[in-house]
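Data first, discussion second: the structure below is written as structure tokens.
Note that the chains are named A, B, C, D, E, F and G in the order they appear, and that numbering of residues resets to 1 at the start of each chain.
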């Protein structure tokens, strides 16, 4: 499996280069290896049909419980065949559709990247590996939807799809991590061995919700459906591939995958069925008024996905069977119809169903393919669509909920109408555009739809081609038990058949009144404005608003504000720590206070105050000089001659430097009102008190031995009597080395700042 | 004396904080200068004060006779003093440059590059 | 005992001179008069104290250091006074009302680079 | 001796305070500068006296450096003042 | 003998000295610079291998026994950081050759650059708290000058803020140091760890808090990060790239070091605080980025939000979490540096970083586009790039907590990161270039700029496809951190 | 040799100088301590005979260090020294006193 | 404008200060002093000369550019740490050689720490002078 994926990904990398060589033939050339891969999947069928599971595993990140483990059961295989098979056709189709596009080469790259990710996603056994591919599909679809990147709406649609599915993806990740925590492994196979662990765990509901969030966003379930129609900004091959056949079904795949682990509980039934039914109906209703071929198909796809979800929610054997067959059917006809829409667009340069008609004469093959697909969609015998709809109704009826059945019926009725609008309407009646302007599209453009439609027909007439090997395996994989599937076209006259007939007739009726429906819908349009799409837009606005406000609040650009925040935080934390420490003894060293010492203290503080309030800068500098000299005096009086000397020297030099530049320093300006000043003073006072207490506390605690005792005893071993100097040049010489480095840098800096004048912005950034 | 100095230190911190919160660039520098003085004094005091023997071994003695002023904080402070001198010199040059480019003492004029 | 008396006296005298300097710098009416107090009484005070030190530590190094300090003080204090006084004059720091004469008046060239002696013509 | 030195230090501290008063008061910048100059002298004196009090001859080096350096600041100040038209502020 | 511990300091120092003495000769300086950073990389790798093979290495400088002399210590964490520093130094050093203008070169860019590296390596290797302060100052002073070098108005504005806030940080650092020494009479971190063990909780708490603020400012955590977005977009790209890659990480390193080795008495207080701060940091940072429309501003705010992830790992205080943090640090150093370099390449060809004035890069520079997507998507945590595993490991570790809201925050922030990365992508690359946009050399991106970008992109991908190796290193490094006795023994030669 | 001859002069000079110094300080002290100011300050010009830099420097310093006088500046042509005096009874007398007591001694010492 | 008195004084004082700085440096290991203090005093001496005369004059007095002082000083300080490495000793291990009796500074021992202190002296002097010059010339 891994090698298959690698092949695809390598092709993706080579595609642009390949295109530079092969030009128009690239699509065909790339289709060959993909077809080969499909063939290989086919060879797996017998083994899996007989209840086997193809597995393959290679270590990757054991520490995180991630390995390259793959598991192909029936359910996965069904997807693999669809993805690879339709993929091959899409590559050919794209070759015709994008012929001569400047980024055609890159397109193949993206689509192959997506294909590989999708194949990986459905075949992964390790949940995290599955998630890796899951995200890759989101990402590659982002690139594909935004393919017409200079169009604003394409970019918007791409982002929308990415954020919605990406958001769901993160939920999914959380869910997977929780599963790993609960089940003790990320290996799906291992989890399957004790399927009830999750269901019985306290975290079941969170896990379920997170996983469903992932599935629903990906499969465009209500209320996340809105990104799908938006994604129609993508080139048609993309829509045909991602948004009908494959990516949007990833969520369905996930539901199927996890129903043995998370399914068949009350919560599962309630949520999945409801969401599915609502989506099914909503999709159908929203589809009807559309006039753009692709949007019509998009909404009908939403409805189809809803149906699938609904069936998986019901979860009975019958429902699962229906789901499996409908999955196949839907992919066949929807893929075909999308490609047809593309072909039509390609020739008639419009997708508006109202201005399309009479194309049969110019593109008969396309028309036939479209017709066949549409029939399958509206469930006409002998097409396979009929079989699937029969099963669908059976499942709904069996579920016993009249509501669900009604919903299903309604949705299908509309589907019939849509099928007619898309599959027949554009081809019949008088041609609107001058026919000579158009002609049958090239082989590449009609091959895909033709094949898919044909398959629909074949599968309808000979259902046994697909049911026993493929669908049975898929169904068994979901149900976790060996389940035979026996499809037949004809069930005899019964309620279900009645419903089918009713569906078709009602569908025709709806089709007849489509224009009136559109006018009604147009009047109802305002309602749409409060839909989830609106919520998404508002969400984005809110984000930028909040972000903007926050930035203005925090990163306002006023240094004082920054300093104040930092100092307040420091003071608050230190104060808090003090409170934890308890009472601080204030009496330390109050014995033998000496006049001169107090006098020095007083001078230091008042000098600092003078500096703070001086109106003249040099007066302030002089006052600071006093502080400096007085501190030096303190050092002197407390046995630190080296310090005293250094302090005096540094103080003097500082004074000199100040005097040298002061002529170029701004004059004082007293900004800020008295209230601000009073606040600052108050805060400063508090901070001062905290510091004082800290010092006293430090003096109070003294855990005896100090390293300096060692210095006192060993200085002579370092050939020195001045212990401070010995520390500086020997015991702790590294400090000094670093220190002179700092000084050198400072000197370089002063020099550069004063000598290097600003110059042209060139080279700057 | 420790208490006296502790109060002095607290006062210096307070005044330097106050100065750092002014809008005037020059006052900011003064604040930074006082701040480093205060910090050095704090290290000196927190390590405990002794009026006696400087940490210099007298001729003939083999080791420093107690009681002596703790030499380590002295070395640290010496390093700190010199480092903050370097910083201060650079800050001066920077302010001088800022003044010639911005033509103001008002720190609030410095917001521009942050508010696009 | 006796060895302690002499230094004590010098220290006391020196300190008193310092105090005088302090009083002078606070009480004298204008900058120039204050300069007299500061430079003279101040340096003298320090001088006395150093002598006291030298007497109580009659070792060569200490004496040498004290002499060095004295030398520097008497070399530098006047220089400082001269520089400051001159600058003060430029800044037109006011004289005390009781000042009797100002021979410097008008002797500095406007750009302060030349100081005439007033007797060039001779 | 201790008594005398205590007195000496009280005198010196008083002198220091007085000098500081002038520095704080000004009014002119030169006034502040000579005040600072005097304070450096007094501080040197204090350290010198401390040499006797605490029997710490090593402290003399602080005095030496003070003598060698402190006037340098004063000179720099004066140099700057010369360039100004009038006393600032 | 233990030379491996000294070389990471000697090499940048000697290089810087060489550049100073080389003086006027730009060619000599450029050659020296590249030589020096290559040597640093080699030394870093060597050190890493030594430590990997022989466990924690320590050398007592001046041959004075710990805790009296200064000890250089390299456990796996330090070694990893030094090695990665060497790598980044070389990449940015190469980029600088094309990015730094002759004027800045003449006025000491190269010496400053290597002094910066000296400070960074020193901070990673020292086992002494005050020595750490000294290296911080070396690093800071160099960064001040590098930031202001050139003296354009925005640079000056930024430098004033950057300098002030970091000056304060240093002051607080010293305050904490003074108090610690006053209380415990030692500066050697291992010795401190031993002495603090038998102390009642709260004695050292105030120092812990002050250090948290000091390091927090340097790391750029909420609400102390203001200096970072205020400055990183102003200097030449090579400068902001090396800043973005290394400086905040030194803060993170220091936080991890002291809060795993020294202040572990009261995690209920300290580490809970760190968790809260981390989450706020993630959120505020990413929101800040959402409000920006200049490439380097966006990236700067993302630095902050990413720092939140790293400190979160520390706050959780489990081996797995700290391993995740270390993994995250390494990943982020490479990715973020690369993004800044790419921003530089963009600025080079388009003459601006303003998203409004950019566009059309996807059409004109497809390869640059690919090179951008790799680090950008890695930063956003798109698998299978390095960022995904960093985030995944962290999330996995976070789930061991009783409360899940940090996970929620981490994931949501991930989505927002994706949002701003795609914003840059859509605006600068996809969007058509606005009318009349000129500026920049419209030519191809210079090879000398591409080399480091490609190299780092390759590493990003490599970590993504084979995260096992790095993760293994990180886990063992975290193991050492969570068992301080190893460190103490290596330094003091006796069990703590 | 030459220096040896000067040695007694030097010692005598220093002694004289210290005496003057003490007197000056006492006077300042008296003025500082008594409430009323007895001073009559003035800025005076004194013609110079000293020629070399060092002669002038030494003289200026001594003047600054002796009774109530502070040297302020030297004219560019080195012919006049300006000083500030604190107790000026008769300017001429002061000028004469300085030239005889101080300058002559200095020159004698230097030459 | 220049002052005859100051200039003449400077001609006396600067040499004294320089000599004093060297003294402080070499006896720093036994008495207050050392590289920092010595370097700063030396810088003050040069700077005083610069203020009394002008900066070019001071530069002439210094002969080498300050940057060179810094570079050489750093180099000396760094190299002084290396010899130990050749004896299997850690970086910055102090190695001592002979000693001489000096008149002013007592016994002067030669060793790598002294070399280191000399490096410090050069750097400190260099940077201080560098800063003063830069700021004084920036009028």
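Here is the rule we go by: a contact is a pair of C-beta atoms (placed from the backbone, for glycine too) under 8 Å apart; a residue touches a chain by one contact, two chains touch by 3 or more.
All figures in this text were calculated on a predicted structure; none of them were measured in a lab.
In summary, the chains found to touch both subunit F and subunit G are C. C-beta contact counts were set side by side for B-E and C-F; C-F has more.
If each chain is reduced to the centroid of its CA atoms, subunit E and subunit F end up 67 Å from each other. Chain centres here are Cα averages; for subunit C and subunit E they lie 57 Å apart.
As a whole-number value, the distance joining the C-alpha centres of subunit B and subunit D reads 21 Å. Distance between subunit B and subunit G, defined via averaged C-alpha coordinates, is recorded as 24 Å. Chain contacts: subunit C has residues 16, 23, 35, 39, 43, 72, 75-77, 79, 81-83, 85-86, 112 touching two or more partner chains. Of all residues in subunit F, those touching 2 or more other chains are 60, 71, 73-74, 78, listed in ascending order. Residues of subunit E in contact with at least two other chains: 13, 16, 20, 61-62, 130, 134, 137, 141, 144-145, 148, 151, 153, 160-161, 164, 168, 175, 178-179, 182-183, 187, 229-230. The list of touching chain pairs reads A-B, A-D, A-E, A-G, B-D, B-E, B-G, C-D, C-F, C-G, D-G, E-G, F-G. Note for the complex: subunit D touches subunit B at residues 54, 56, 58-59.
Interface residues of subunit D, counted against subunit A in their complex, comprise 6, 9-10, 12-14, 16-17, 20, 23-24, 26, 29, 32-33, 35-36, 39-40, 43, 46-47, 50, 54, 56, 58-59, 61-62, 65-66, 69-70, 72-73, 76-77, 79-80, 83-84, 88-89. Across the complex, subunit B meets subunit A through its residues 1-28, 30, 33-34, 37-38, 40-42, 44-46, 48-59, 62-64, 66, 68-72, 74-79, 81-83, 85-90, 92-97, 99-101, 103-108, 110-115. Subunit D meets subunit C in the complex at residues 1, 4-5, 7-9, 11-12, 14-19, 21-22, 28-31, 33-35, 37-38, 41-42, 44-45, 48-49, 51-52, 57, 60-61, 63-64, 67-68, 71, 74-75, 77-79, 81-82, 84, 86-87.
Here subunit G touches subunit F in the complex through residues 3-5, 7-9, 11-12, going by the rule given at the top.
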